[in-house]
Amino acid sequence: MPTILGQNQYGKAETRVVKITRDGATHHIKDLNVSVALSGAMDEVHYSGSNTNVLPTDTMKNTVFAFAKEYGIESAEQFGILLARHFVTSQEPIQRARVCIEEYAWERIETSDNTFRLTGSHEAEHSFVRTGQEARTSQITFDGEHWEVISGLKDLTVMNSTNSEFWGYTKDKYTTLHEAYDRILATMVQAAWRFNWTSDALPMPDWERSYTEAKKHLLQAFAETYSLSLQQTLYQMGSRVIDNRSEIDEVRLSLPNKHHFLVDLEPFGLENDNEVYFAADRPYGLIEGTILREGVEARIPVDHTNL
Amino acid sequence: MPTILGQNQYGKAETRVVKITRDGATHHIKDLNVSVALSGAMDEVHYSGSNTNVLPTDTMKNTVFAFAKEYGIESAEQFGILLARHFVTSQEPIQRARVCIEEYAWERIETSDNTFRLTGSHEAEHSFVRTGQEARTSQITFDGEHWEVISGLKDLTVMNSTNSEFWGYTKDKYTTLHEAYDRILATMVQAAWRFNWTSDALPMPDWERSYTEAKKHLLQAFAETYSLSLQQTLYQMGSRVIDNRSEIDEVRLSLPNKHHFLVDLEPFGLENDNEVYFAADRPYGLIEGTILREGVEARIPVDHTNL
Amino acid sequence: MPTILGQNQYGKAETRVVKITRDGATHHIKDLNVSVALSGAMDEVHYSGSNTNVLPTDTMKNTVFAFAKEYGIESAEQFGILLARHFVTSQEPIQRARVCIEEYAWERIETSDNTFRLTGSHEAEHSFVRTGQEARTSQITFDGEHWEVISGLKDLTVMNSTNSEFWGYTKDKYTTLHEAYDRILATMVQAAWRFNWTSDALPMPDWERSYTEAKKHLLQAFAETYSLSLQQTLYQMGSRVIDNRSEIDEVRLSLPNKHHFLVDLEPFGLENDNEVYFAADRPYGLIEGTILREGVEARIPVDHTNL
Amino acid sequence: MPTILGQNQYGKAETRVVKITRDGATHHIKDLNVSVALSGAMDEVHYSGSNTNVLPTDTMKNTVFAFAKEYGIESAEQFGILLARHFVTSQEPIQRARVCIEEYAWERIETSDNTFRLTGSHEAEHSFVRTGQEARTSQITFDGEHWEVISGLKDLTVMNSTNSEFWGYTKDKYTTLHEAYDRILATMVQAAWRFNWTSDALPMPDWERSYTEAKKHLLQAFAETYSLSLQQTLYQMGSRVIDNRSEIDEVRLSLPNKHHFLVDLEPFGLENDNEVYFAADRPYGLIEGTILREGVEARIPVDHTNL
């Protein structure tokens, strides 16, 4: 046979599980999109079609639902760890499991005064509105021994309406761009960060708190950096997370430069003093980079799945 | 000629204008997507291609940008009114203008303690994050005399994790659904409401406050209705808006029933006591309806553009 | 009660049914997305939540699947007619049914010479590739007596690389556009056409042939019109369909002007002789219009669902 | 500084260039979406914001347009090679360029008999319709010495309506799936293949012919494989390409199993003899794998950008 099989994986993608937990009359939601990918002794199914080693992807879906009941969903990361461990330890041919999870946040609807009089609270007990801001992401990989957890977020759109410049750049014969000393800087943050928790022997991070804090630091670094280039902002965002979160060793950011072009109003006898912008779609700048704790090795791929 | 021209309109769609207003160091954003459609004496351009009566759509785009500078953007509705009036009154052949606007909300980034020490505030002055929840919509129509303003919102996803039932329905030979006495009710609200402001002679509503309040009432009615059917919830949502907002006479709602099916865990020896749900994509129920103040005539079309 | 219920409808949207018909070893596919919306005596379910008159939307989904088996799918229109008739005639409270269908086309995969030697044909008998070009649409409405069938297509992207001009238009103080004597004209055709078949007493059109021909005439009219404005092209496209298809009385077209801007290459010492274009996303011109057979009344709404 | 910079790249993404070539009255189109990413001596721009080594992404966009004029677009691959070579050889700090291109295919509109009488041809000379089937992809990487070209396609949806089985798989306590001896097999092919052309010293492949043939082999292998598992089909598809195309050494495929579930019609007293299917959205199986020419090393990443 002149061809051979290389890396392969298979699984069930995008199982949409919603878990309601009842704390008396007060309900809590976890809303996840879970994708499982397994690898191992899978040569035969590729070469001859024998499914002897193949656990159906339908079973993976069932397992996601059953585990939500059996173990609850404390956090996306903890849930992914349970699933990954299960597949690797319960199925002889499976040597590696990768679980990717997207999580959507909900907040309580604020109720009316009539309801307040009854319950003494303006927070609805079982009524929610989806926040719609970013999606939280997590990728948990387990090979039977080592863990790799890469969490992150996507589609978090931010803007600084000043404190951004861009000048002093290289010019060649195709350069027509004018230097900017006060521009809008806007991007849709795609971020992934890797935890240094790699073994059951180590204490597990507080996943929920870690996420809240990492997001906060990304936003604050974006807001508080006087930017001479989006690369500089990217580096500040990544290093702020690592400086403040000892459980995180590596951050990968993919920042599309969502251009807001100052509209030329001169033809209409108007001056545009950084007031009116055209928000362009394509093309867009795309700035990508990894920031590492000194001394650690980079492990997040250049084209990581959520970036 | 065996064919004739019927209703027609033309314009520039989706001009993405961002307006920054500076109040000292504190900046404010308006982020709009503006679509203009004009009608009038346009037979010739269709029959012979003569553009004599045609104001280029490129000019409409320019006008959107120029007006953002000349008049500012107080609210989407007020901005649309300025534009619609301009096109109808400045162009002889134009007899009717329809301006559709989508607005995206931004909130200030909360800054760190270091920044707080300098400014005394945790609210960034010129750094924003897009809220990402719903898009606010508005459609302003002007025929030179009468105004019609239909505002609304889309993609506001809500969920009640209990207090919803569905039983007592008609059964025919194709019915297999089991009655439900405690189910999840989730929908993505698409709403449009019509103002009774129709003439320059009447006092204009406070568009910003009206929007905030209408959204609040939709959410509260959703949360506070014990639901026997999504139709009942729809009616409550619409009538709550009309009951509380005297400037609004008609509400049209399009509510996809975002099914959350209780997963059957019995094959795994588990009981699912309203805990684990599968969030389905398609097909979905779709409940649509108009709620009117008594005595007024319905004017929002069944397939209104943002529904 | 200060509010009342206006127009309302409910149903199951986007039931994705695929029907395989076997003609010996040769298979045929129909791939539809079916949405049902019913109206009638539905006040109670809105006011009190009583579901007495409500056939569950789940039943509508079941009916779509069962009818695909019982009656087959000869064409989208014929299938929609069967469904609409069923709901109106079998359910006392239902007075009107609207069935919207999208259809996706597949073509046979061309097989290899090895297969050819066995079967004598290069057309695979049961292997298909989705053409991916336009989606075919249909909306069938029945009130127990009269039929209205509006078919159409969407997302059919076409381009003329010459034979398009745009000049002689109105200029105001916001006009900066330069006249064009040779430009690209590109659009993504959204079309809806209404049949004059309205009653069971009339002979039914050949729906499949009608669609193929209507699409052909739209394409040819686009290609063969020397265009002075997109409105002129729109009118030619619509009237070509009516002139050639006696079963169609009205055409509504929504044509986004997918701008291809000639790139200014002068800064690089290059001349751009209508060779290099930038394909822009937003904003875009949007030209909409109805073309009617003389003497008939327009019935396709300005914002028809597939436009 | 406790953090350091890791892998980084920056560039202009999604420049939408359309090139018209005139061969007398007959026009030809190339319609590309070009993304450029450059890497090199970029530490300073991240650490201090100094743009000394930064060629603006706006310049990259200009270069794409200028090169389309200066060199034409013979094929996506050849165009990407020109661009990548330019950036690496003309900019001292740039050590590596990656150019990703998507291409959209157009076909000529068939004209009417009237036109035929004039031109003797039913193929329009300058009127096109987008085929809409798959997007063709290419990624060209150059480090100043070695070339890596990975081409492919995405969103090619295919279906076998029979000749697919799935049985004999592993069962655990969460398995409920029934074995299938005749099922629909449908997938949306995402494919990437790597050329063994790596140096200017080697003769360049015929990129256009290579693409046409690779696509043909993928389709034929899908159609002609009697499938016991999607993995088996995947392997056949990849090895068919390598067996037939000596310029290709590695194929990576990502095949979502677009489930078509046989609808249970028994409740309605109907038998479903593999006729009526429900096309599901989520979750879906996802089968991914690499097929290699024996003796070569795999280089396409698991999460390659177009997969």
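Read from first to last, the chains carry the letters A, B, C and D; within each, the first residue is number 1.
We adopt the following convention: a residue touches a chain if its C-beta (ideal position, glycine included) is under 8 Å from a C-beta of that chain, and two chains touch if they have at least 3 such contacts.
No experiment lies behind these values; they were computed from the predicted model shown.
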Quiz prompt | Chain whose Cα centroid lies at the greatest distance from that of subunit C | solution = A
Practice problem: By the contact definition above, name the pair with the higher C-beta contact count: A-D or B-D. | Solution: A-D
Practice problem: Calculate how many whole Å lie between the centre of subunit A and the centre of subunit D, each centre taken as the average of the chain's C-alpha atoms. | Solution: 25
Quiz item: Just how far, in Å, is the C-alpha centre of subunit D from the one of subunit C?
Solution: 29
Practice problem: Provide the C-alpha centroid distance between subunit B and subunit D, rounded to the nearest whole angstrom. | Solution: 37
Exercise. Return the residues of subunit D touching two or more other chains; collapse runs of consecutive numbers into ranges.
Key: 15-16, 62, 66, 174, 176, 267-268, 281-282
Quiz item: Quick one: in the complex, what on subunit A touches subunit B?
Solution: 15-22, 27, 29, 31, 62, 65-66, 68-70, 106, 109-112, 114-115, 124, 126-134, 155-163, 184, 216, 219-220, 222-224, 260, 263, 265, 267-268, 270, 272, 274-281
Quiz item: What part of subunit A is in contact with subunit C in the complex they form?
Solution: 173-174, 176, 267-268, 281-282
Exercise. Report the residues of subunit C in contact with subunit B in the complex, numbered from low to high.
Key: 1-16, 35, 37, 42, 45-59, 61-63, 66, 90-91, 93, 166-172, 174-177, 227-229, 231-232, 234-235, 238-239, 242-243, 250, 252, 256-257, 282-294, 298, 301-305
